[in-house]
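What follows is a pair of complexes built around chain A, which joins chain B in one and chain C in the other.
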Partner chain A sequence: MQQLAVEREYPEHSRKFRKKAALLSALAMGLGQIYNKQYTKGILLLAFYAYGIFTAITSLPHALWALATLGETETHLKKVGRLYKQVMGDHSIFLMIEGLITVFIMLVLIWMYIASIKDAYRTGKLREEGIQPNTFKQTLSFVAAYRFPHIVLAIPLLGVVFFTVMPIIFMILVAFTDFTRDTMPPAHLINWEGLQAFKELLRNSSWSHTFYSVTIWTFVWAFFATVTGYFGGFAAALLVQQKGIRFRAFWRTAFILPFAIPMFVSTLILRNIFNGQFGPVNQYLGMLGISKAPWLSDPLWAKITLILANFWLTFPVSMLMIIGILSTIPKDMYEAADIDGASGFQKTRLITFPMVMFSMAPLIIMQFVGNINNFNIVYLLTNGKPLNGDFQFAGHTDILITWLFKLSMEQGKYNYASVIGIFIFIVLSAFAIWNVRRTKAFKEEEAS
Partner chain B sequence: MITGKKAKTAFRLSFSYIALVILTIFCAYPALWVLMSSFRTGDALFSDKIIPTSYTFSHYTTLFDKHPFGVWYGNTMKISIASMILGTILTLLTGYAFSVFRFAGRKNLMSILLVLGLFPGFMSMIAIYILLNQMNLLNTHTAVVIVYAAGAPLYFLFAKSYFDTIPKSLVEAARIDGAGHMPIFFRIVLPLSTPLIVFTSLMTFTGAFTDFIFAKLVLRSPEKKTLAVGLFDMIGDRFSTEFTTFAAGCVLAAVPVTILFILMQRFLVEGLTAGADKG
Partner chain C sequence: MAKKLGLLALCMMLMFALAACGGKPGSGNAETGNAAANAGGEATAEATEELTPEPGAQLTFWTIKDDFTNYAAAEFEKKYGIKVTVEDVAYWDSVARLTTDGPAGTGADVLGINNDGLGGAVKAGVVLPNDYFEEETKSINRKMAVDASTIDGILYGYPRNVYTYSLYVNKDLVKDTKLDTWDDIIAFSKKYNDVKNNKYGFMFEGSNAFYDVAFMTGYGGYVFGSGETDPHDIGVNNEGSVQGMKFFQTLREIMPLKLSDATRDVKTGLWESGKLAINMDGSWNIGNYGKLPFKVEVIPLPAMPGGKEPIVLAGNTSYYVSSYSKYPNAAKIFASFITSKEMQIKDNQMTGIIPAAEGIDNDPSIRKDAIMQGFFKQMKNSQMMSNRTEMEYFWNYMGPAFDDIWNGADVKATLDKAAEGMKSSIEAK
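Now for the complex of A and B:
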């Protein structure tokens, strides 16, 4: 029946428009549009098509060669007359980036190509139904009215693609090469090595020992950093907001101080405060007759110091958020609890805590993820120290991200660093996607 | 009975005040200590007295005489303000597009952006460095601003959550009255979003103000350096010999941002809770 209805509406002989338009567009982008009498649009697309073909012919072979081989001629000395002259060879890294950019542009052009075929087909169908195709002006106003989010998102997304996505792809590619300081272009060529770096890092005992130990500490650190910051903030919020406390604004401002001071300043200050020899903390301990603590020089103490400093830095944010949530809890819940004779502790445990947890849960997970990656505090406070002789270029307090930094920026082992980067990325994405999918901002849209 | 309850309350309150005072000291101590150190005579980190006996202003003048501190300060302000303006506009637009419009692939795009936002920037620094090199932008402030602003929209979720709380009926009513997308955004949505705008601006401003890893990589010559890089290099080079000068630098760097944060407290709480409430 369905089939019949279609047949009746579009008899076979009048279905030529859409087919022909789509075919013409498949032949060359824009032809179908011109056939549909959308001349300006067609000519514009045709121009893009010409550009695309031009790029494909001129750069694609080179780009594919570059990506496949990463360069073939090494920089070498060549005898010119009686002198040796340096001849620059291929620069593997530039070749890789240029290749990536070309492939990106080609993908965009292919996407446009498919879209233009679809568009020609759709316009052809409209013509069969006797509807005039949009003029160029109409097309523009249609785009402005109904494609607004796409236009608005185009600029930020372009930036993200260029400065985030492409570098990430580049980094992933590096993990499969032998890119280290010793093979630094342009003096040397880089080669594809497959899974060599992964194998080295995960199987070679001295490297894998470092990798597993640092991973465990990263998670332990992230757990304690998140929990202390959150409960510290909770306690501070309850303390400030409880009934009968005066000068609330003053206390709140005082507690925000650690958050308000730029982090690089406060962390550098804390590093000096906990200085084992000259720092004031040990000085005061000395005055009280307590022996000095090796705040930053003993592995365990350094870890504790790190968590303590992080607590100082992060509890104000949690406090601010929890104060905000506390003000949204309906008063009558507490009044009802008072009538039932609940103690203050019971009220906190049974009303306040669950209400705050409900709102904060997704944020706590995001903070945990952020702490796995908390480069700044570790780098600025301990710089991974104290050193560990058993580790490959990592200290006792190094987390994955600082180890990665040291491997790439200080040791020049870019391929190993990239492997760690991929590992961090997988762990974080898993957490983030799982978390994001569960938050209200996503969920409430299922209904709408 | 009543006196018992009163005594209990008094006990609870006095205990709370003691806790509050201890916490205040804990929070304010590092700032006060650096402030004291910056006025102390001598150069050393070590001082045998808690409260210094003699004061000097010379460390502050040293900053400007021996170090190009004024230049660093100007650079930092220039970079931070430019990144703040660009980054905030991009972030607000991204959040708005995701909050108000429904289009194909929207949810996937949001997930992708969120995951990318978790990706530590400097992991891809080598690639960015090469890209900037190709564009001839190394050792320029433009490069830093572009990279900071381009990264800002990854943190669109707060903006989106905030825009979600603005009643849809308002936007629809304006649309029925014939207002275009841009006028709706600028005339209706933005004026209702002051806490969000303040929050986003503060975050992008401080982000650019305090970042030093990327700035350190890109900005090579001394006259291009930012505060964070300059101060970091200062204690990196001559750790204990110039400590009090470093302290003075810290004070000058921290005071404006700190004051800004304290003044903007109300907006911070609102901005943060809008995000917290909606995740």
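Now for the complex of A and C:
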């Protein structure tokens, strides 16, 4: 009712402001603003509009052509007299990137265009209501006072778009091409191949066998790596924090040492320590009369060694975090349990464990996700070895990310590597989203 | 109100965006400009057959930096007045770097590549053929080095050196023991081996298939036919290879280890501490192993039992001119200059490489030590590894096969399976 009353206060003829402003803005971005007497803003927008039209005419057709064909002229050598000359043709990869950037800029400009129409419409409506539109100066001071964080955030946002989103889109696009070392630009053109690489990896027997085996091992590895690291840390934390333990600080420092040494140094050392013939571990075992273990040369042993080494390098972090959580558990719970005659094991199982799990669950999931992508330790400790003749460019202990690395950096099969990249991306983002939701659920639980 | 301000914020943001990448959409034009400049270069090359360096040329040179490369760059500057910046880029990384740095304009003009990387470089079109100095290069260098720098009949490289592997012998341990056949080595090792104390008569890095090939070739095995150039003729499972691999299996008797445990670290450690008598290793260690506190000699791989002498794999390092170079003429002159006969001799004296140049093994200025001469002998029994990209399938399938055979798998079946894998991968290309 209130609204009706307001509308009636203004004469009919003044109501066309908003329509006219919106129409003018639709005609050319900025005209509506000028019509609304916001001259500086209007001219600024008009300049963007001009730039947009210019880009659309000069670059967009080229960009669309580039994305659709990925280039048409091949680079080739031409012999002139005694000398060869390289006649440069199209470079598919650059064409793809440039095309993507142009399309991105166009999308942003179109978004701006729509926003400016909306803005003209709104300002027009304000004028109808008799409110003076903001001058440019007022707008600026308002922005500086109230919208400053948005402006500052816009810069990293741009970074995200151009350095994170763009490369991901580029990677996804590569999976649909025939980009390998044999079609390496500039000498060759890359072609769109559709789902060929996906089909090869998921259906073709030798590739799919590798893919599925490596995937299964990746998850098995991530599971055991996380669980051993976590429970190892838990056990160490319980022992260190136990009543009556002396030199607590000393134990804590001693246990944190493996973590304090840069991981790649310790990993490279471990690689020699576990050498089947010359490594100290087997030498000592030999002295004790125990037969030598093929730590890194037998597929199953290599996998176990990997998990053991990872346990050794990661349990200190879990231990430190769990020590922190243990100190937050109220003492009276244990006292009450003591009065009820609970054993030490019962106290751990029914009080300590649930309390720690409650805080640690999201972190464990993140550790699991991290272990799926734990390139360092696998690459440095075993480098995927022992070799496996049944696999395509992967060894027994290769996980997806190291296989991806080998395929792209060593074998130049960029399209297959991209398919694996997409797969890893999907798995990781699924876990990340799930984890964020869980965390939120926790917060609500605490609030209620 | 908020919406309007949001719009303004967006404007600001866009201004950053456009300022940041305003040049991008137009860079396609810049490339066509580049092509036009190239076309201009063609015209001048046609007019004059004399190769003159471009005025104002300066070169970036990717190689493994050592005394020699610095010396050569300085000499070149003295002679031609062209500044050469030497950057440390390994021969096996240079191609990958050039494919990204070249188009960006920050790549090298002249770069070193090992012959196993040449196939990829040519496929990617990042190196120019050696056209102007072709005759000269062919006349001064060993045929194997020239062939290793050639793909599909076009010579690309300016060979610098060749490398291979052979037997380094610790004379203090071996003394006067006869090492003329593999049987001699086996006999010596059996006597000398003391596994408990990590003393070994003979050791090689078997987890690297590069070294294992030696045992395949003694009875007539090979990787690719027609002198390692025909990837459709695979010889890894022929009769000779099978026989050779059966012999390879018997070596476990004197090297009772898993191949993956005989790593380079371990082997080098044992060798340098004088616990390893015969060390099969590469010529790139000539410099290091020449300075050890015991007497070192190099002997070629001896004959197989009842067979011929094995042919070891060899490699070659050559310099190449980048196809992205702004000064291709100057780059060609430099590549030719640094690989001339005199420079190769100088390189041999300063760093101990095996020169690619022919007929200088007896040159008075070449290093005369027993290590160098051993390698010169071994070079006669060597075969360049293929520079074709198909070689990747050899490493991929034969690596595990050598491992399985060493661990006692059936030789014929394992080799057949690996050969089948190589064949199907090569056909599928």
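Heads up, the rule we're going with is that the second predicted complex is superposed on the first by the 413 of 448 C-alpha atoms of A that agree within 3 Å, B and C clash if a C-alpha of one lies under 4 Å from a C-alpha of the other, contacts with A are read in each partner's own complex, and residues count from 1 in each chain.
Here is the rule we use: contacts are C-beta pairs under 8 Å (C-beta built on N, C-alpha and C of every residue); 3 or more make two chains touch, one makes a residue touch a chain.
Since we're looking at a predicted model, the values are computed, not measured.
Could you tell me if A:I155 is touching chain B, chain C, both of them or neither one (first, second, both, neither)?
Both partners.
Looking at the overlay, what does A:L107 touch: chain B (first), chain C (second), both, or neither?
Once the two structures are laid over each other on A, A:L107 reaches no partner at all.
According to the stated criteria, A:F163 is in contact with first (chain B), second (chain C), both, or neither; which is it?
First partner only.
Would you sort A:I290 into first (chain B), second (chain C), both or neither based on which partner it touches?
neither
Going by the contact rule set out at the top, does A:L350 touch chain B (first), chain C (second), both, or neither?
Neither partner.
Contact-wise, after the overlay, does A:A187 reach chain B, chain C, both or neither (first, second, both, neither)?
Only chain C; A:A187 stays clear of chain B.
Go through the superposed model and pick first if A:A50 touches only chain B, second if only chain C, both, or neither.
In the superposition, A:A50 contacts neither chain B nor chain C.
In the overlaid three-chain picture, which partner chain does A:L77 touch, first (chain B) or second (chain C), both, or neither?
A:L77 sits against chain C, while chain B stays out of touch.
One more residue to check, A:L195. First (chain B), second (chain C), both or neither?
neither
Taking the two structures together, which residues of chain A meet both chain B and chain C?
Shared contact residues on chain A (touching chain B in one complex, chain C in the other): 94, 150, 155, 162, 272, 275, 277-278.
Where on chain A does chain C make contact in their complex?
Touching chain C from chain A are residues 41, 44-45, 48, 51, 55, 58-59, 62-63, 66, 75, 77-88, 91, 94-95, 98, 101-102, 105, 108-109, 111-112, 115-116, 118-119, 122-123, 134, 139-140, 142-143, 146-147, 150-151, 154-155, 157-158, 162, 181-182, 184-188, 206, 272, 275-278, 294, 296-297, 385-389, 392-393, 409, 411-412.
In their shared complex, at which residues does chain A touch chain B?
Residues 93-94, 97, 144-145, 148-150, 152-153, 155-156, 159-160, 162-168, 170-171, 174, 236, 239-240, 242, 244-245, 251-266, 268-270, 272-273, 275, 277-280, 283-284, 312, 316-317, 320-321, 323-325, 328, 359-360, 362-363, 369-370, 373, 375, 379-380, 401, 404-405, 408, 414, 417, 421, 424-425, 428-429, 432-433, 436-437, 439-442, 444-445.
Mind pulling up the chain C residues that touch chain A in the complex?
Listed in rising order, the residues are 1, 3-14, 16-18, 20-21, 24-28, 31, 34-35, 38-39, 41-42, 45-46, 49, 51, 96, 99, 103, 120, 122-126, 128-129, 131-132, 198, 207, 257-263, 265-266, 269, 323, 389, 392, 396-397, 399-401, 403-404, 414, 417-418, 421, 424, 429.
Inside the complex, what are the residues of chain B that reach chain A?
9, 13, 16-17, 19-20, 23-24, 26-28, 30-31, 33-34, 44-48, 50, 90-91, 93-94, 96-98, 100-101, 103, 106-107, 109-111, 113-116, 118-120, 122-128, 130-131, 134, 146-147, 149-151, 153-154, 157, 160-161, 164, 180-181, 206, 209-210, 212-213, 228, 231-232, 235, 240, 243, 246-247, 250, 253-254, 257-258, 260-262, 265, 268-270, 272-273, 275-279
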